[in-house]
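Consider the two complexes below, in which subunit A is the common component and subunit B and subunit C are the respective partners.
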Partner chain A sequence: MQPASEHVHWLFATGFLLLGLCLLGEAVVGTEVWRRRAWRAYLWPGLAFALGVLLWPVMTFYTNSAIHMLAHGAWAQVLMLAGAVELALVRGKLTSRWWRLGMTAGFVVSGGAFLVHEQNAWLFQRSAFLHHLLGWTLLVGAIFPLARCLRPRSQAVATGFALTFVIISVMLYCDRDVAPVFGHMSPLAGSPHR
Partner chain B sequence: MKRVVLILATLALVLPAQAFAHATLERTTPGFRERLPSSPQKIVLRFDQYVQQLPDSVHLYSSSGSVGVERVVVNGTYVTAWLPHLPKGAYTVRWHAMSGDGHVVSGVFTFGVRARAPAPTEAFGASGPTTSEHVVRWLYFLALALLVGGLGFRLLVLRRPLPARAEKRFYALTGIGALMTLNVGIAAFILRAEDALQLPFGRLLYGDLSPIARSRFGTAFIVMTLGFALVTAFLFLAWLTDRAVLLWPAFLLGLVFAGGLSLSGHSAADAGSSWKSELADWAHLSAACLWIGGLVQLVVVVWPLMPQARRAAFLAFSRFATVCVGVLLLAGIYLSILRLPQLNDLWTTGYGRVLLVKIGLVSVALAWGGLHKLVAVPAVARGGETALPRLRGSLLGESMVGMAVLLAAAVLVDAKPPVQPAPPPPAASSVPR
Partner chain C sequence: MNAELVSELEAPLQRTTARTRIMSAIGPATALAGVIWALVQPYRITLLHPRGQGFWWLVVEAPLLVVAVGLFFHFVVVPGLLEDLEVEHATRE
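And now, the complex of A and B:
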């Protein structure tokens, strides 16, 4: 039986994978084809918003550590806000393309939260390695939502944006102390503590 | 089939589980707030991963001060502290351990030996609510007024479709209220935990807050945070889809979840509390939020952006506010009598003196509202358009006084009511032999 401590990461990894695949689908076939069915336009922003809402139970039920509680609260809010902004852009409630910076802010805040809440060096422990990797991936990946504001029709930018979510989901599947789905990211990063 | 898979995958995300990198306390002996029939020989802490011993790993306190622990042994995931014989009473355990990831994890819990164990927020060393907590609670009340009061005003007073700019400002105000409710709630929880754990901020970040989360206050925090996250989602969807009907679930859920304060405060926990006191407290808070939140909407949305609707909105709000103030007064008087059965408690106890300040501020607010009701309403009803532009300043003043009342209420909620006198023993004739 898998320990319960891993389940949340896997479940949210599944959510981010779905989100990334939707974005990848849109990047591959193009926005015009993707939006031939109107509901598809709402799919990934709606999923992002829902994932943000679902992060609230994670924050409130797992209070064994104040810093994790605060980090989960920050992720819940930025994901809700970023998803809400994208939904409003699709719906036409917001029109300025600069609103897309909401997603950039979401990436930066999320990445910053990962790095701030991990106070050990990269190779101290597997979870430390994962936190650093996720944090820097999000910070570097923030280039893609930023570029979407400037070049909204660029397929390369759209693909990069989609793949960032896919990579984050793979990382969330990996590198827990026990039962990593895809193995460990680095053999140098510490030994298990359980 | 595809839809079913998608729905199931999404629903699966609802099931949360623990996810931590550093050591988590899984079990303690004695348990949190456990009442023991006799003195325990040892305290055992079980973590989910290996921990290392620190010089002050386990501290034990009785109600009068520190109790020496005989020795502390760390063995893998277990920390065991051997105790001397403990007399009857309540005890507080403060623990610290070095987690495998190098972080010092800390926590507090209480137990009782042939006595009731206090809540962790009342553990030995906790000093009770501070000025920061008063301010945070006040901000929470203001957030509730903006959110619930704003929604109530929109649904019960200003039922017509709004011009685009007014609609936008209404959503901006209530949205700020929703985000404030969530974030101020988190701040309140952390502040209460800081007081219970008695840790500097750096170590508090790795503190175990689960005993506080299991208290009445913590349960209310969890339920209210989840509830207001849902309210925020409904509010956003109402704005996104232009469906005002979605404001109804947001409003009703907001009203229901505001009751979390009543179910975790004096009206639920103190001597003499019952479902009636909880209901009265909820009605008192809800009526205040509807009144003050409505005033803010009137001043910030209707007056500057809907000049053609000022008259109707003012008259409708006047009727609505009368009901709110009536409920507020009735519930407030009932609660005052319940908590201060002796009249002289008003000036002889700290709680009573804060209540006097609050009553004074409420009197000012009522006089101000009464002036509107008795002078402004008849003038506006007669079609006195000249009075309308000048009313904004007066309404702003009334809402400011209302906010001051909320500040007094915040201090009052954090204050401790005087201890109720014990009920008299039954008459001799009724004592069974």
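And now, the complex of A and C:
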């Protein structure tokens, strides 16, 4: 009854896509308008926190290796931390913009975990390739949450931050257990799934 | 009548209209992306050939999830947002 790993990736992709669209909406209309309704203000920080909570069952049930468990556990913690910090900023419990470094830490730890826990250097195989791509995207994309601390009102930074989540969701949707990347796959990768 | 004053008055309205259009387009564009994906890779929609598929293959249909996110955003998030944009515009005036 346990879903295949690609299903988990697609479900998280859905969460990240919604998160990205909400952030894009906030970037377009501005934070003041976005926060005019309380439920909307809490929507994306709450979603980020919920995604962090949902990573705990992933850590618990997908125990392929110790490094997988550690990576999923680290993601769960940093995503919950980032979501909680954003919730507290919306609520007014935290006021310093430097707390947004929590999201930067989330990006850096997540990117590092992606790179570390993908032990296959098989860039010709879909999931290995995507894990490397996701890792480097997160590490490079960490510049956006960092820039949000420095220039919190910048629309370009907010848009870049939002689109990073959309791009991550696209990569997660592309993830399949065993499949070719660009039409070629080595027999080392196993038999392709659809 | 000073043309500069007219352009100053029109600028916020144009910006609001542009923002309204972008907001109204995000959800449908996302849903359309999901539909195009489903057309390009119809084998991903296991509901079209459900026999022999497991529970998760029938529940987690990635292109349909993309469509669902687009529709949710358009019908749940955007309407209130457009109302608030209008209120903000009226307040500025």
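Keep this in mind: the second predicted complex is superposed on the first by the 167 of 194 C-alpha atoms of A that agree within 3 Å, B and C clash if a C-alpha of one lies under 4 Å from a C-alpha of the other, contacts with A are read in each partner's own complex, and residues count from 1 in each chain.
Assume a residue touches a chain if its C-beta (ideal position, glycine included) is under 8 Å from a C-beta of that chain, and two chains touch if they have at least 3 such contacts.
Treat the numbers as computed from the prediction; the structure is a model and nothing was measured.
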| When the two structures are overlaid on chain A, which partner does A:A128 contact: first (subunit B), second (subunit C), both, or neither? | first
| query | Of the partners subunit B and subunit C, which touch A:A84 in the superposed model: first, second, both, neither? | reply | first
| request: Using the superposition on chain A described above, determine whether A:P57 touches subunit B (first), subunit C (second), both, or neither. | output: first
| message | Per the contact definition in the header, classify A:K93: touching subunit B only (first), subunit C only (second), both, or neither. | response | first
| Which of subunit B and subunit C A:L70 touches, first, second, both or neither | first
| query | Which partner does A:L11 contact after superposing on A: first (subunit B), second (subunit C), both, neither? | reply | both
| task | May I ask you to name which of subunit B and subunit C touches more residues of subunit A? | result | B
| note | Shared subunit A footprint, subunit B vs subunit C, residue numbers 4, 7, 11, 14, 18, 194
| Which residues of subunit A touch subunit C in the complex? | 1, 3-4, 7, 10-11, 13-14, 17-18, 21-22, 24-25, 28-29, 32-34, 36-37, 40, 43, 173, 194
| field | List of subunit B residues in touch with subunit A within their complex | value | 6, 9-10, 12-25, 48-50, 100-103, 105, 179, 182-183, 186, 190, 193, 204-210, 212-213, 218, 221-222, 225-226, 229-230, 232-233, 236, 239-241
| task | Please give the residue numbers of subunit C that touch subunit A in the complex, ascending. | result | 19, 22-23, 26-27, 30, 43-44, 55-57, 59-60, 62, 65-66, 68-70, 72-73, 77-78, 80-81, 84-85, 87-88
| said: Applying the document's contact rule, which stretches of subunit A touch subunit B when the two form their complex? | reply: 4-9, 11-12, 14-15, 18, 47, 49-51, 53-54, 56-70, 73, 76-77, 80, 84, 87-88, 91, 93, 118-120, 124-125, 127-128, 131, 177, 193-194
